[in-house]
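Every chain is named by a letter (A, B, C and D) in the order it is written, and numbering of its residues begins at 1.
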Amino acid sequence: MSSYQSLDIKRRSATEFTPPAIRSTGLEVAKLIDVSKCIGCKACQSACLEWNNLKEDVGVNVGVYDNPHDLTPHSWTLMRFSEWDNPDTGNMEWLIRKDGCMHCEDPGCLKACPAPGAIVQYTNGIVDFISENCIGCAYCVKGCPFNIPRISAVDRKSYKCTLCSDRVAVGQGPACAKACPTAAIMFGSKTDMQEQAARRVEDLKSRGYANAGLYDPAGVGGTHVMYVLHHADKPEIYHGLPNDPKISPLVNAWKGGAKLLALGAIAFAAVGAFFHHTVVGPNKVSPTDEENAADLVEEAENGSPQPEPTRAG
Amino acid sequence: MIGEFSRRQFLRTAGAGIAGTTLGAMGFGGAEQALAQAVRPFRLAQTTETRNTCPYCSVACGIIMYGLGDRSRNTQASLIHIEGDPDHPVNRGTLCPKGAALLDFVKADTRLKHPMYRKPGSDKFERVTWDFALDRIARLMKDDRDANFIEKNKDGVTVNRWTTTGFLAASATTNETATLTYKVVRSAGMLVFDNQARV
Amino acid sequence: MTNTWQDIKNTDLVVVMGGNAAEAHPCGFKWVIEAKANRGAKLVVVDPRYTRTASVSDFYCPIRPGTDIAFLGGVINYLLANDKIQHEYVKAFTNASYLIKPEFGWNEGLFTGYDETKRGYDTSSWDYQLGEDGFAKIDDTLQDPQCVYQLMKKHFAVYTPEMVERICGSPKDKFLKVAEMMSECSTPTKTMTSLYALGWTQHSKGAQNIRGMAMIQLLLGNIGVRGGGMQALRGHSNIQGLTDLGLMSNLIPGYLNMPTDKEKDLGAYMSTRGFKPLRPGQTSYWQNYKKFFVSFQKSMWGDAAKVENDWAYDWLPKLDVTYDVLRAFDLMANGKMNGYFCQGFNPLMTFPDRGKITKALSKLKFLVTMDPLETETSRFWENHGEYNEVKSADIQTEVFQLPTSCFAEDEGSLVNSSRWLQWHWPAVKPPGEAKLDTEIMAQIYLRLKAMYQEEGGKLPDPIVNLRWPYANPEDPTPEELAKEMNGAALADVTDPTDPTKILVAKGKQLDTFAQLKDDGSTFSFCWIYAGCFTESGNQMARRDVSDPGDAGLAPKWAWAWPVNRRILYNRASSDVNGKPWDPSRKLVYWTGEKWGGFDVPDYGPTIRPEQSVGPFIMNPEGVARLFSRGMMRDGPFPSHYEPFESPVANVIAPKIRGNPAARIFKDDLVALGTPDKYPYVATSYRLTEHFHQWTKHVWVNAVLQPEFFVEISEQLAKEKGIDKGGWVRVWSNRGSVKAKAVVTKRIKPLMVDGKPVHVVGIPQHWGFMGKTKKGFHPNSLTPFVGDANIETPEYKAFLVNIEAIASGPVA
Amino acid sequence: MAIDVERTSVRPLVEHTVIDRYHAKARVNHWVTAITFTLLTLSGLALFHPGLYWLTAFFGGGSGTRAIHPWFGVVLLMSFSLLFIQFWKHNFWNRDDTQWVKQIDDVVKGDEEHLPELDKYNAGQKIVFWLMALFILILFCTGLVIWDQYFHGIVTIETNRLAALVHSAIAICAILLLIVHVYAGIWVKGSVRSMTQGNVTGGWAWRHHRKWLRREVRGAEPGGSTEG
């Protein structure tokens, strides 16, 4: 309920028409992750686990710094480390990216979700999973262009970063952004974050990163979690950040207008059948048919040859 | 009437209720439903805040501890969350991965709760009272000090030292603890005395 | 730290060498990022590993562990050879112009005065030439071959870029780039700051590493200015406080020294502590030593410390040798100690050569641990399979494990790296029966006192007369103790120039150490803390965030020693005439009548510039020392020595391999490994996900970095057939550990003196207690060798071997 | 009524001319399949379109629907497999079937006299049979892939997306096919009893499957039992 009071709903999963969010303030929020400032300390992971009371399993070392090794139902954010040899400078660069929900303007998860209200997008841009409505079908996983949602084996609910909607609702920033020691994670209005990013890009360019830029992919309508990248021309070097993410055409086909067409086809078939019945009438067996059959049976029983039936039906 | 009835039945079985529900598919269903999604209520709204300093490194970040309980007589306070202090001039609300998880330090499973004692040669700890532990420690100290205290060195200079018992102090304790520790240790004549400062 | 954390934002160049600030001090490191983002500052990282600090650097240069002095010497040589020094600063504020005794010299890796049997120097030749007036001789032209400047030039000439590359394995072009970036800060309007930590201290020549950089900072004119300075990023939350309070074998609170056997009475003790100025008119603030000392004695023994008994001088134990931890455990291992207390300390997983530590603890009669958490030390007698292979039945040590409070449950002050004393408050009660450390110490003391009163015994006086003025003697409060640290007047303290004027009335808290007396009329447990808890209240609890001039000082937040000064030597932020070197970064300057500015001047507030009083008021010469005289045991200039375990010879002085004055015992010398058996250089360090062995008890941190590992280069992994994430065994001449292998591009083999040297990185956060997977600590491998000056063990450079193994340890 | 009476009086035996078409095993099998298919349709459509989400109420809510739908699928596959084993031989295509398809206009009009004599199944039924077999196989395979609870991660997310698309598209086709099948059963009077009582009247068989009737009457069945 509080979502209606403080963070009006812009989109709601599996709901064709959401009531207009008349209380919208028009303020869209965004988290800006400046990869060039990030020291990979995992304070964001720690703060996320603590704020959301998540208990992740203690894992093992598999030869990398990434722990846990992937996002999980309990780890909604994760530092991903990539050692990249820069062919231009000959230097190795250690690229560290905080992975997690991008809070797309056009969220694939929401599009794919079949459960009404299990995924909502508030007018401020936050995409939130509402567990009580979640049915655990994992369609959101298929819908997401960034491979973010994870289904809990315990309660079969889907989980991901909420952008701390509970904190934002009372005027605070997300826990990760607050904790981030180097201000590599900033939080504010999307326009402010874009301006901030522009300044950062300028600074990076002055330091020789000619391709520095903001990652706010248009393919998903822009995101409410954006990255400042030193090599924005090659997002994939940051542990496989998609180059041009968009909702898969397969998902669009699956979840698009074809759905109504399909239902229409079913309805048409049913209605068509009804009218066929009305027009043609039932296909009834006539008494003649019965007699013909009876004759046939009789003849067979009598052992006489079977003439061709002659009676009309 | 019978024909009418059978038509309906036909629709239900053949069309699996499509006709009725295609209407729903046009979007009249969701709008009527009470939308019950809820943002998790902000969980620090009614907690008691206490200022502290992160006990780990020497940046000494300011932290705010959020406690259950309003300090009234009959409620026992309990920590539920710890976060950076936005006023603090150094950390300005930020915390590192250790500081951000301080709550789990306070509440660690391996926090010690009772004095334990291990007998010589034993392979286990046993729980003892504070009085037992403190009496025994003081006795062992005194016996060792009386046996090994050096009042004068071989040149006859008063040295008043006790070097057979040593003390490692903790550089995460407060200055006040350190002050009291220093007084107790030095007044006994101990010289084997150190802390993490040169490790 | 000479400056504050926030002041780092004012710098133009951050050099992180001998540390890994981003990982070990992330929230302090934010100010580096601020400087980069808002000032366009550059960050340079010099480290054997490409660390997380390096990941945000503008320039990274690799270096072989334990060769920092060669690198820094190379920079000094570069600055001097290219005349990239801040001349005015160097001339006026350092001892560059001071003439050194002609007998001083350097030959074949040794300074004059070495005594091999003592492993130490007679430092008498390492001093100034004194004139007949008793003052040091100087040559303002810096041309005299015996002046410090010329001696420096000569001493560091050997550290050419080629030599740096040969010793450190740092490619010449990269070294030159770093040197060039540093040299740009020799103008008065560009500053550089140095962030370092245990990457410099944990060497057999740790103190000299730091001196190397301090000298560079002096040559560049960067000490005492905003955005400059030497930032020792200290490890623990109150390690600064415990150092200030002298919880070390040889210290009295406030950096006074414990007396030694040679100082049989107070007169003898004070005779070497006169601190007569070495140049005319200098402040030489240590001349007040006796006031600090007497006030300390009064706080210890109150009325029982009086002029008649030399202020109870005899009750202080006298040192015959320094009882640092290496000595303590050596004594213990040799059966010469019976009891040991570990208050929040885990030596089993801390001190070098774990095998020796276990042996030492096993020989104790009793061990007392006081800790909020389980420690490996308190269970050193418990068998944990390969992780702690001991036979409990053979260990006769009585062990007491006392549960204490943690930060959330206690009240008091901690001193951060920039010397701020910050007060904190408790939120909850300790769990179970756990007690505050103060109560435990009081309880032990009261029992001991009662026994001495009842039974008598050896010298009961210092115990039974210990000043114990607490309202509840059983449990002194933090506030009472804080007031005691600060000190108060025991009698009315009057103005020396006007005896009718009472500065502090009897019984009142002191405002500053300037009010201290050597006649017993004041007491102060720690003179540098005087002012922290005055009559106007607890200054450490102040929470005013204002920051005039956005200088990064926050002068009304908490309280900094000394006298709430935020940047040390801040007088040096202005030139000899008192004008700021950089008008855009004013700090303390001459206003025409007095010294003003944003900070409390580190200087007599009304000393006029033309009086030529040096800004380094604690030194008798009033200037900073490029030549350290006899203050360092291992030389007045830093000089390259190899680590005690090193893959190569010392190319500077082939006969002297390791620091000739470093602490090492005979048995431990034998335990050193050689490069034929142990060809790889190992170094130990922290990871950002953990804090020592504490956070392995913390669920979240166990999740973030769950299991012990070592880091090696892809080349070494290939050579040894080691898989990423596979098990390896790493062993030294002292022990062996098993770990997962992190194979990385971030460590690369270095070409040292023509041959490749591989580095094995070993983080230090695991043990056999807690939430993480069980693991080992590098101390199973490290040598029992300590720095020459402060005995810090050499954890940062030693030799190991490595091999792939099929499976992990058996618990 | 009058006609019935008249008929009864003229040919008392006619009403009793019944031909067995499906024995009990086949009928149970069919209805298990039919019910499962219906449940799958309902639960599937509930998750297919939000407008039908209310159908989840029949399955214990959204999570219940999500959980049980694939199990219905498993039952359907097994049940349909049994049907398949019984019926596949009767569903081979022949020339008559082609002719039947050519005369689909007559079929739709109910004018069967000009159609070739048909064996047990007409071409429409055969098409339904084979298509349904194909659809169920596809639905099962794609369903398995998107059955996240047990088969998470066995294919890539992109393959998963394809599977979901194919699953829903085929499901719609299958439902359309079902409508045809059910309507045919309703339209062609006398058909339903074959699956309820197991037999048809002789007249029904004469009218719709005369070749089958003849063989039945001869008692000789080249392919074994006529009962499926």
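Heads up, the rule we're going with is that a residue touches a chain if its C-beta (ideal position, glycine included) is under 8 Å from a C-beta of that chain, and two chains touch if they have at least 3 such contacts.
Note that the coordinates shown come from a computational prediction; the quantities given were computed from them, not determined experimentally.
Undergrad: Farthest chain from chain C, going by mean C-alpha coordinates, please.
TA: D
Undergrad: Report which interface contains more C-beta contacts, comparing A-D against A-B.
TA: Pair with more contacting C-beta pairs, A-D versus A-B: A-D.
Undergrad: Using CA atoms only, can you tell me which chain is the most central one in this structure?
TA: So the chain nearest the centre of the shown protein is B.
Undergrad: Could you state the distance in Å from the CA-based centre of chain C to that of chain D?
TA: Inter-chain centre distance comes to 85 Å.
Undergrad: Using mean C-alpha positions as chain centres, tell me how far chain A is from chain B in Å, no decimals.
TA: Chain centres of chain A and chain B, defined by C-alpha means, are spaced 36 Å apart.
Undergrad: At what distance in angstrom does the C-alpha mean of chain D lie from that of chain B?
TA: Taking the average C-alpha coordinate of chain B and of chain D, the gap between them is 65 Å.
Undergrad: Got the chain B residues that touch at least 2 other chains?
TA: Counting only residues that touch two or more other chains, chain B contributes 10, 14-16, 22, 25-27, 29-30, 82, 84, 91, 94-101, 104.
Undergrad: Could you check chain A for residues that touch two or more other chains and list them?
TA: As it turns out, chain A has residues touching two or more other chains at 14-16, 41-43, 45-46, 49-50, 116, 133, 181, 183, 260, 263, 266, 269-270, 273, 277.
Undergrad: Using the touch rule from the top of the page, what residues of chain C touch 2 or more other chains?
TA: Those would be 26-27, 30, 688-689, 699-701, 704, 771.
Undergrad: Which residues of chain C touch chain A once you look at their complex with the stated criterion?
TA: My answer: residues 22-23, 26-27, 29-30, 33-34, 36-37, 40, 50, 52-56, 58, 60, 688-689, 699-709, 723-726, 740-746, 771-773.
Undergrad: In the complex of these two chains, what residues of chain A are touching chain C?
TA: Per the stated touch rule, the residues are 36-43, 45-46, 49-50, 55-65, 67-68, 75, 83, 85, 91-96, 181-184, 200, 203, 206-207.
Undergrad: Going by the contact rule at the top, pick out the chain B residues touching chain A in the complex.
TA: 7, 10-11, 14-16, 18-19, 22, 25-27, 29-31, 33, 35-43, 45, 81-84, 86, 91, 93-101, 103-104
Undergrad: What does chain A use to touch chain B in their complex?
TA: Touching chain B: residues 1-4, 6-7, 9, 12, 14-19, 41-43, 45-47, 49-51, 116-117, 120, 128, 130, 132-133, 162, 165-167, 169-170, 172, 175, 178-181, 183, 260, 263-264, 266-267, 269-271, 273-274, 277 of chain A.
Undergrad: In the complex, go through chain A and note every residue touching chain D.
TA: Residues in contact with chain D: 13-16, 114-116, 118, 133-139, 141-142, 147, 151, 156, 248, 250-251, 253-254, 258-260, 262-263, 265-266, 269-270, 273, 276-277, 280-294, 296-297, 300, 306, 309, 312-313.
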